[in-house]
Amino acid sequence: MSYAEAQKKSVLWDWLTTVDHKKIGIMYLAAGAFFFTIGGIMALLMRAQLMFPNSSLIPAQTFNEILTMHGTIMIFLAAMPLLFGFMNYIVPLQIGARDVAFPFLNSLGFWLFLFGGIFVNLSWFLGGAPDAGWTSYVPLASHYSGIGLDFFVLGLQISGLGTLIGGINFLVTIINMRAPGMSMMRMPLFTWNTFVASILILFAFPALTVGYLLLMMDRIFGSNFFVVEMGGNVVIWQHLFWIFGHPEVYILALPAFGIFSEIIPTFSKKRIFGYTAMVFATMLIGFYGFMVWAHHMFTVGLGPVANSVFAIATMAIAVPTGIKIFNWLLTMWGGRIKMTTAMLCAAMFIPTFVMGGVTGVMLAVSAADYQFHDTYFVVAHFHYVIVGATVLGLFGGAFYWWPRMFGYTLNEKLGKAFIILFLIGFHLTFFVQHFLGLYGMPRRVASYLPGQGWDGMNLVSSSGAIFMAAGFLLFIINIFVSMKNKETTGDPWDGRTLEWTIPSPTPEYNFAQTPLVRDYDAFWYEKYQGDGKIKAAEPLGDIHMPNGSILPIIISFGLFVMAFGLVYHTWIVAGAGLLIVFGAMFVRSVKEDHGYHIPVEEITKDKGGK
Amino acid sequence: MAENHTVEQHSLPPNPEKATLEGKNKYMGFWFFLGGEVVLFASLFGTYLGLRNSTAGGPGPSDLFHLDLVFIMTMLLLTSSLTSVFAIISMKRGNYKGLLAWMWVTVLLGLGFLGFEIYEFWDYTVNYELGFTTSAFSSAFYTLVGTHGAHVTFGIGWIIVLLIRYAKTGLTLTNAPKFYTATLYWHFIDVVWVFIFTVVYLMGIGG
Amino acid sequence: MADHGMDPSAPLTGEPSKNTKRKLRKEVKTQIIGFVLALFLTSISFISIASDAIPASFAIPFIFMLAVIQVVLQLYIFMHLNDRGNAWPNAMIWSAVVVAIPSVAALMLLLGITKW
Amino acid sequence: MKYLWRLLPLSFILLMAGCGQQNLSALDPRGPVAEEQFSLIMLSLYIMIFVMVVVFSIYVFVLIRFRERPGDTHIPKQVHGNRTLEIVWTVIPILLLLALAVPNVMTTFTLADVEPTDDSLEVEVTAHQFWWEFEYPEYGIVAGQDMYIPTNTRININLEASDVIHSFWVPALAGKQDNVPGITNYMWFEAPEEGVYIGKCAELCGEAHWLMDFRVIAVDPDTFDTWASNMAAEDAGEMQEDAGEVAVQGREVFEQSCIQCHAVGDEGGNIGPNLTNFSEREVIAGFLEYDEDNENLRAFIRDSQSVKPGNGMDVAFPEDQISDEEMDALIEYLNGLSVLDEE
């Protein structure tokens, strides 16, 4: 394909076939935001049901389906894709690269995630959603649940494959595609956190793949992994799930930490405090993430030695996390803190996350966990952690990088109103849940009887949810209201890292010339030690770009078809789906595709605009 | 990373699989993928080890496994690892025909291995009445060894596609990394088999 | 990226450098030694199970150790994990092993049947 | 907005003042196990409050002291880090965690020590979708839903499950352990005071998970002995002496329609809860009140699925199967089933 041909594609075809990391990032954000909204509506439905005791608004079965899908959607289809959106868009820009290492696989990863996500959600219309919780403990999930679990297990398998591909892509991108001069220890912290999170993805998702494989085998092919009468063991599932599931928590948290590590220095006008310590703390958290999973299983009956070992290992995570918190505080110390909305998110993250963190240590106390486990205390804890870190990180990142990604700045007043409303709602909703748990309220209950001392706090909790929803609405409104605030400088926040050296809107080749990095915080260094312009590592020339491809959609569609065949035990359909997959892979492997070049004249034309 | 692109078009670099950025990316990405596969197989091994005594009254490891068959399979796979090494050495020598020939030998050895494995599964199913659904042990056994077998099958298919696609092109900077990663995959299959014959078969017979 | 105009699908021709040739000759030797070692380790494993003279309590850890040695051997000889430029793959494979070991141990032991 | 800020501290005070419903709250422990867990909870809470106070003080100070003031354009000093500080905030948390880890390990082992003693009582708890079965192997008796225990006696519990995973939790007496199919779990607790303690299933186990409550009823050892020996002696066929004609008729209905699944005394199936001491239950089916004219019980027997959806009793008894009159008799019979008030 030539440059001229590449320009001629229709908008729709362009987005369907794109391998541009920026467009894929935006698609991740859009799809993630869609699922986030759905998951949020489910949360509201649940809080509506639990607002009053003995409520019959939602039947118990439906409630179980909603609670399962809320967790599943929020973790797999909202939080991770939204983070992937930022990683995709920002990481190549931060390391001074034109694209990711595997543009084709990047696109494949996105479409796999989307088709998998759609597949899981189709269960609503085809016989009922999964109802065994996002953890889907067997045998409830294997032999006591309906067809929804088939959709669950296959859909998440497909989207998990996409995540794994994405993880490998980020790893190779970060290792191989850094601009000259950017050593590992000069990388921005968001990139570092993405790197460690990607390692976690690489090692955590295969365990989940095996877990889902076994569950699928039991449900669809009649194997006996979890059939006790045939010698199966149901604890195997819990191990496999949590070997994945605990690192997953850090897969969600680390990129958010990375976002805060960009926002806080930028708006404090100060270099991050203890960069090296931050990097090693990140790696340590990643390592511990794999060594503590059984703290989700304290009550399963592994025995006191196992419980003690995992309890102590879990407590140890508090140390590197504490290091990070103090480093953020000390970064702000002595700085000049400009309280933009992004910074407000980062500032509110610290107390919220610390509260989630300390309850985490409390949960690590194994003997006390016998009281906490599976109660609303746990619900409160992980919402403090996930909303406190991941969701605030996502919102902070959105306000911070919005001008970079969409060429306009979000309204600050509306933004602050949104975040304050959202946080008031959040603490109202979840703070009381700590006490609900200690007062004896188990989690995942479809309703509760009156007179158990829970009524008042559930009412408070449900009212809080309304504030959160109202806040989120303000955010959506902000997106549309702010469209007129065009951003043309490319560097609205006096940024420190390479992504702010690019003109706005971001050209498709990112950097006209590959930048030369001379220090950590490369842009800041040039601003205050150099002439404010980033040095180029190469002469201006034609830029090589990869061709788009429709094959990722076809491969994902093939797996989608295959999954249908498996759910309905129609092997011919499953076979046909597999044939589509291998056919498309065959085409990909046989067709050599060397991309096209953007001529230097086009690039100078763009540069003139700056 | 820029210096590799100054490579003359007609010269033969010492490591043609890593001579371009694409090749380097592919090489490294594939290694990382193998890292993920380590965890995948570890999970399957763990499951098998957890369930290997759960025969639910059906046949167990010591009733089933035959050392001679496993030994032959092991030798086939081990030798195929060596032939794929020779294929890469031929590639680096600029002997493209040698590369193709050694790869074909690898494929044949792989097919031999696969044939024995299919025979083995057939034997267990028919003569020992060990179906996939007989017991937790049988499910775990077939899933672990079957996943390895599926990897062998995929590897054979992959190499054959490469051999046919590039039968006439000669060695290029695009196909060198493809051949190289295929042999990495093949070695990895061998590495997993070392654990399978030890943990599943030998430990199964030995106690 | 000044690779404009270079066609990656053009066949590579010519001979490798003298240095490379010498290295490759040594490489063949290394690989054959590696193969023979692998054969040796495998045979010992099979023999120690096949022969009744060796008690299982010794044979099981012994063959497991042989398997570990053989795998390390294959990783470093056949797969060149130690080559220059392979630091990241090397680190990543061993990280995977670090994750894999507790996982396998837990799936073997911590199944709730024996309380630890 | 202002109103809200005033509401926040108010609700906090309300939370701290109460400890939740008596005999249902982990913050109001009624036995040694729950007390030990409560003290661990409080220890960890104090340490964590200390951590929070430190962090929040620095945090508030920083945000106020270093905020951007109008017209301020200075560029702050670009500090790289501080080795001493970093060591301090690595070491102090480690010490704090050690202070928490040591008592935790000790308690974890104490709670896992389930060796039977001379006077300990063993109870085998089997969880079903969605009810509880309590077997007393030393007495050869089986009870459903209500778990009678003697006070001041160590109760050793073996936990099992017949279908999916459940979790046995009596917050006021002890933390939970899971009932896992194929595995036996062990725990123990002790109740020094007489009382009725509410128990819950804590693990999502299906549609009626939220209604899977049970009661632990601690009575003095003498009463317990009476209860247990009467449970054991209960002879299904034999009606109580004061039983009226109606109850006898009710027994017939029971034998026709119920006995396949429910046992009374030594006779009957074990698919549903044992009903030997039915009239002494605190609640029906784990959650329904006993009302004056037995409407709840009647509705449950007629069509239990509409009252407790998803429960295992998937037969309905409309009027063409059990007439109104027969239903009254059955209820009369059931309400006469007791073991404690016999003497």
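By letter and in written order, the chains are A, B, C and D; residue numbering begins at 1 in each of them.
By our rule, contacts are C-beta pairs under 8 Å (C-beta built on N, C-alpha and C of every residue); 3 or more make two chains touch, one makes a residue touch a chain.
Worth saying up front: this structure is predicted, and the values here are computed from it rather than measured.
Undergrad: Which chain is in the middle, if each chain's centre is the mean of its C-alpha atoms?
TA: Per-chain C-alpha centroids ranked by distance to the global centroid put A first.
Undergrad: Taking each chain's centre as the mean of its C-alpha atoms, which one ends up farthest from the centre of chain B?
TA: D
Undergrad: What is the distance, in whole Å, between the centres of chain A and chain B, each centre taken as the mean of its C-alpha atoms?
TA: 33
Undergrad: Roughly how far is chain B from chain C, going centre to centre by Cα mean, in whole Å?
TA: 12
Undergrad: Per the centroid of Cα atoms for each chain, what is the distance between chain A and chain D, given in Å?
TA: 36
Undergrad: Quick one: report the Å distance separating chain B from chain D, using the average Cα coordinate of each chain.
TA: 52
Undergrad: Got the chain A residues that touch at least 2 other chains?
TA: 171, 175, 202-203, 207, 232-233, 235-236, 239-240, 243, 300-301, 303-304, 538, 592, in rising order.
Undergrad: For chain C, give me the residues that contact two or more of the other chains.
TA: 1-3, 7-9, 88, 92, 95-96, 99, 103, 106-107, 111-113, 115
Undergrad: If I count partner chains per residue in chain D, which residues reach a count of at least 2?
TA: Each of 112, 180, 183, 185-186 in chain D touches at least two other chains.
Undergrad: Among all the chains shown, which pairs meet the touch rule set out at the top?
TA: Final set of chain pairs in contact is A-B, A-C, A-D, B-C, C-D.
Undergrad: Tell me, which parts of chain C touch chain A in their complex?
TA: By the definition above, chain C touches chain A via 1-4, 7-9, 88, 92, 95-96, 98-99, 102-103, 106-107, 110-116.
Undergrad: If we count contacts the way the header does, which residues on chain C are in touch with chain D in the complex?
TA: 111-113, 115
Undergrad: Would you pull the chain C residues touching chain B in the complex into a rising list?
TA: Counting only chain C, the residues touching chain B are 1-3, 6-17, 19-21, 23-24, 27-28, 31-32, 35, 38-39, 42, 45-46, 49-50, 56, 59-60, 63-64, 66-67, 70-71, 74-75, 78-79, 85-86, 88-89, 92-93, 95-97, 99-101, 103-108, 111.
Undergrad: Quick one: in the complex, what on chain A touches chain C?
TA: 98, 171, 175, 199, 202-203, 207, 233, 235-236, 239-240, 243, 287, 290-291, 294, 300-306, 514, 538, 541-544, 592, 594, 597
Undergrad: Along chain D, where are the residues that touch chain A in the complex?
TA: Its residues touching chain A are 4, 8, 11, 14-15, 18-21, 24-27, 34, 36-38, 40-41, 44-45, 47-48, 51-52, 55-56, 58-59, 62-63, 66-68, 72, 74-82, 85-86, 89-90, 93-94, 97, 100-101, 104-105, 107-112, 129, 159, 163-165, 167, 169, 171-172, 174-178, 180-183, 185-186, 198, 200-210, 213, 287, 309-310.
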